[in-house]
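Naming follows writing order (A, B and C), and every chain is counted from residue 1.
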Amino acid sequence: MKLRQTRAMHRWSAFVGSAVVVSSLALVGCSTGTPAPSGTPTSGTQTATQPPAAETYTIGIVEQQLANPFFAKLQQAAVDAAKAAGLEVTTAESKTAGDSATQVDAIENMIARGVKGIVLDPANATALVDVVQRARDAGILVVTVNTSLEPVDAADASFETDNLAGGRLMGQWAKAALGDQEPRVAMLDYDLSDKTAAARHNGFLEGFGLTEDSPEIVGTALTKSNVETGQTAMENLLSAHPDINALYTINEPAAQGAFIAISNAGKQEQIAITSIDGSCSGVQSVVDGEIGATVMQFPSRMGELAVQAIVDYVESGTKPSGVIDSGTALITDRPVEGIESHDTAWGLQNCWGE
Amino acid sequence: MTDPKGSVDRLRGFLTTQVAGPLAALLVAIVVFSATTDTFLNPANFSLMLQQSVVIGTLAIGQTLIILTAGIDLANGAIMVLGTIVIAQFALDGNIVLGLMLGMLACAAAGALNGMIVAKWKLPPFIVTLGTLTVLTATARLMTDSQSLPVERGLLTVMGQGFSVAGFTVSWGVVTWLALTAGFAYALGRTAWGTHVYAVGDSPNAAKLNGIKVDRVLFSVYVVAGLVYAVGAWLAMGRTPIADPSAYQTANLDSITAVVIGGTSLFGGRGGVVGTLIGTLIVVVLQNGLTQAGINSLYQQIATGALVVVAVLVDQIIRRKDR
Amino acid sequence: MTDAAVHPSVPETTDEVVLYAKGLKKKYGHVTAIADADFQLCANEVLAVIGDNGAGKSSLIKAITGALAPDEGTVFLKGQRVHFKNPLDARLAGIETVYQELAVCPELDIAANMFLGRERRRPGWRGGLLRGLDKAAMRKEAADHMEELGIRVQSITQRVETLSGGQRQAVAVARAAAWATNVVIMDEPTAALGVRETGQVLDLILRVKARGLPVVLISHSMPEVFQVADRIHIHRLGRREAVVDPAMASMRDVVAVMTGALAGSELPSALKAGPGS
């Protein structure tokens, strides 16, 4: 396997700390080590450089920790969109995975400041419901991005990846890639109590035409959504089932780890590997033939759509509602009939992260 | 020796060899998985499990030394990750040997920092290493801009290479891990330094009254552990050829788990690296076997957690009987 | 001023005098820990040092063994002036101390405890290059020392944890006796022990003496002192108030001096045990 300097740290690794009960210590470890690559202050104000439109106002953008390139990309796109619309922007971000307290403080400050709208990437689905309600009571439009609150209508609307649809694309491609081979499917999951992980998992099964109990699924294993655990899990699965020919992975780092195990076992040609994310590192893995196909999600589109929704609301009073899909696209150099896909050249142009 | 008290003593003696309990648990696990799955019991799978053990197993050796002094090291994973990054960074600039040496130096320095604070300023190791864990993790991310570095194949990944004996592949990493275990078993059991490590963990006051320089022993333990983590860094790159600042985030707890399951007392002064080797294997065998048996991997975590509690309980029972 | 002055016929240092100190003083600010104290230990004796809490017994012993640097005064070991900078110096000079807290490591075996801090390496490259311990030799020697003092244990490789409190202190005493070439000092060795175990340790003290080592026993248990001591050094207000002969003096006399009810100079001379007598 050819390694690159650019494998992006993935947002899934952000969940690791909160998922394992005992890992609160590790969590502290990553907390202060969170550089802000975009140079954005933890909580600051950026004034638009463009001449203000007829009426200028401020919006708030509340992200999760920017060390994660996915979040950084999302925030940058939202800030850019707001500036393009001539708005003032105030930003804040959580310090660690699951750090909703910082986000609550930030939203309270934004309410006090009188922002017109807030773009929120919630660090926790329920912890922010109250403060979001207070913001909405104050007449502020609150839209979530990337993931929604529980209940979903706690915010005015949510712009996020339809992970079920993304999973479905993976499943459809894997099934088609196998042709008339007998499917021997393995799944590298992340904790399925996580909403996104479950949606991707279920989508894959649906797209492949399987159910949880299908005999075609020869093995599943948990990863922590990173390279190291992806490798170990795949080694164990391959040891038990050397005939695996289709693989679902929760994200691209896990897929890259799985590929190490697969290439060590000399089974590169045998297994169709699918993944999801669309990071530039992941797309590069598709170019290199390590991953067969990956599903790209579009953090910048989430940010742009969310800001546009606030602009529309302020200008015309129309409120968005429900969950709005920010889109998914299958990236592969092995297109199959009946499934729309883009090649890796397109993928490298549209990917996120370095 | 047929009187009940004698039998109790002998039973306790057997239990307190520390290795007996963990070894029995390991054998039971192996027998159960061999009986219930078709694929567990074969040379390739055993070779695989050994390779999966080396990184945590090596970290757990350093962890054992520190726990024997009644300390704990929450920073060991972070020290090792920092080591991989230093090595990979210099290797990218074309100087692999210098990278390895500097990586070793960085790990030893990080250990020395912990050791100095613990030994000289008498701060609790838990807090000290919690602090350095945070600092070192941040440092690793700053050095790499939170990206992972590629690791060139060759000297840096040699620990992933190996040789085959009758279908059983042994990597140099496994050889190194076993050699480290043997070396430290000797150092702990057969040298004055080892005796002093136990004495310091057991009763620092008694050690001091007998002329042992307690802070010097403590400092040496943290530095030696740092060097062991540096070897771990090399082994980690042999296994997964990247240097990833977000890798091994739970390695500190995983290594503590291996040490405790291996029969080393968290209160210090009792245990050893052979038990830790077995403890590491138990964790890996459970993970591998339960995956092979197709059992939800959350059960693996439950099984591991339960073993930790049992191990601590056994330690407590032995202690209460004797004191 | 000193007892030696009361008994001018007794020379200050003779072959009979093993450890001798004169005019020791130590002040911490305004607090006087040692006020011009003298001390004398003879060969083949058990010298008890008694005094009320705060009388300065510990300070005196620490000043003699190097744990504390006196402001003034001199210490002689077998007629030679000595300057111990720390307890290790005193140990190197053959003075061993048994502490009241159990200074043994429960997780280590008896042999390892006996040699703790003074381990013996194997001969040749295995001890040199590999720094290997000569466990067999240490075990044998440890067993010999234990036997010499009549201390019975199941096995020399038994961990000290499995021993009773008295047995553990016996290990500490055996260790001190094994390494001491001149003096064994016991600082309240029975403080942590029960009645029966105390008896065992007192027996040991006598056996150590019988082996030819003088013993300094710091204690505040009167019966204990009268049971084993040849002479009793009574310490009061930082100085030696009197040295009495337990064969002649009664416990009441000693307590009277100890508490200040009776001055050392008022003691009938028949009760006194002159230094070196």
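Operating definition for what follows: a residue touches a chain if its C-beta (ideal position, glycine included) is under 8 Å from a C-beta of that chain, and two chains touch if they have at least 3 such contacts.
Being a predicted model, the structure only gives us computed values, none of them experimental.
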If you average the CA coordinates per chain, which chain's centre is most distant from that of chain A? C
If you average the Cα atoms of each chain, whose average lands nearest the overall Cα average? B
Whole-Å distance, chain B centre to chain C centre, using C-alpha means? 45
Distance between chain centroids, defined by C-alpha means - chain A, chain B (Å): 34
Could you state the distance in Å from the CA-based centre of chain A to that of chain C? 74
Contacts with two or more other chains occur in chain A at residues none
Okay, in this complex, where on chain A does chain B touch? 1, 3-9, 13, 16-17, 20, 22-23, 25-26, 28-35, 37, 67-69, 219-222, 224, 226-228, 231-233, 235-237, 239-241, 257, 260, 354
With touch defined as at the start, can you tell me which chain C residues reach chain B in the complex? 87-88, 91, 99, 101-108, 112, 116-119, 121, 130-133, 135, 159, 161-162
Residues of chain B touching chain A in their complex? 37, 39-40, 44-45, 48, 52, 74, 77-78, 92, 130, 133-135, 137-142, 145-151, 239-242, 244-250, 252-253, 287-288, 291-292, 294, 296-298, 301
Residues of chain B that touch chain C when the two form their complex: 9, 16, 186, 190-193, 195-196, 198-199, 201-203, 205-207, 209-212, 269-270, 322-323
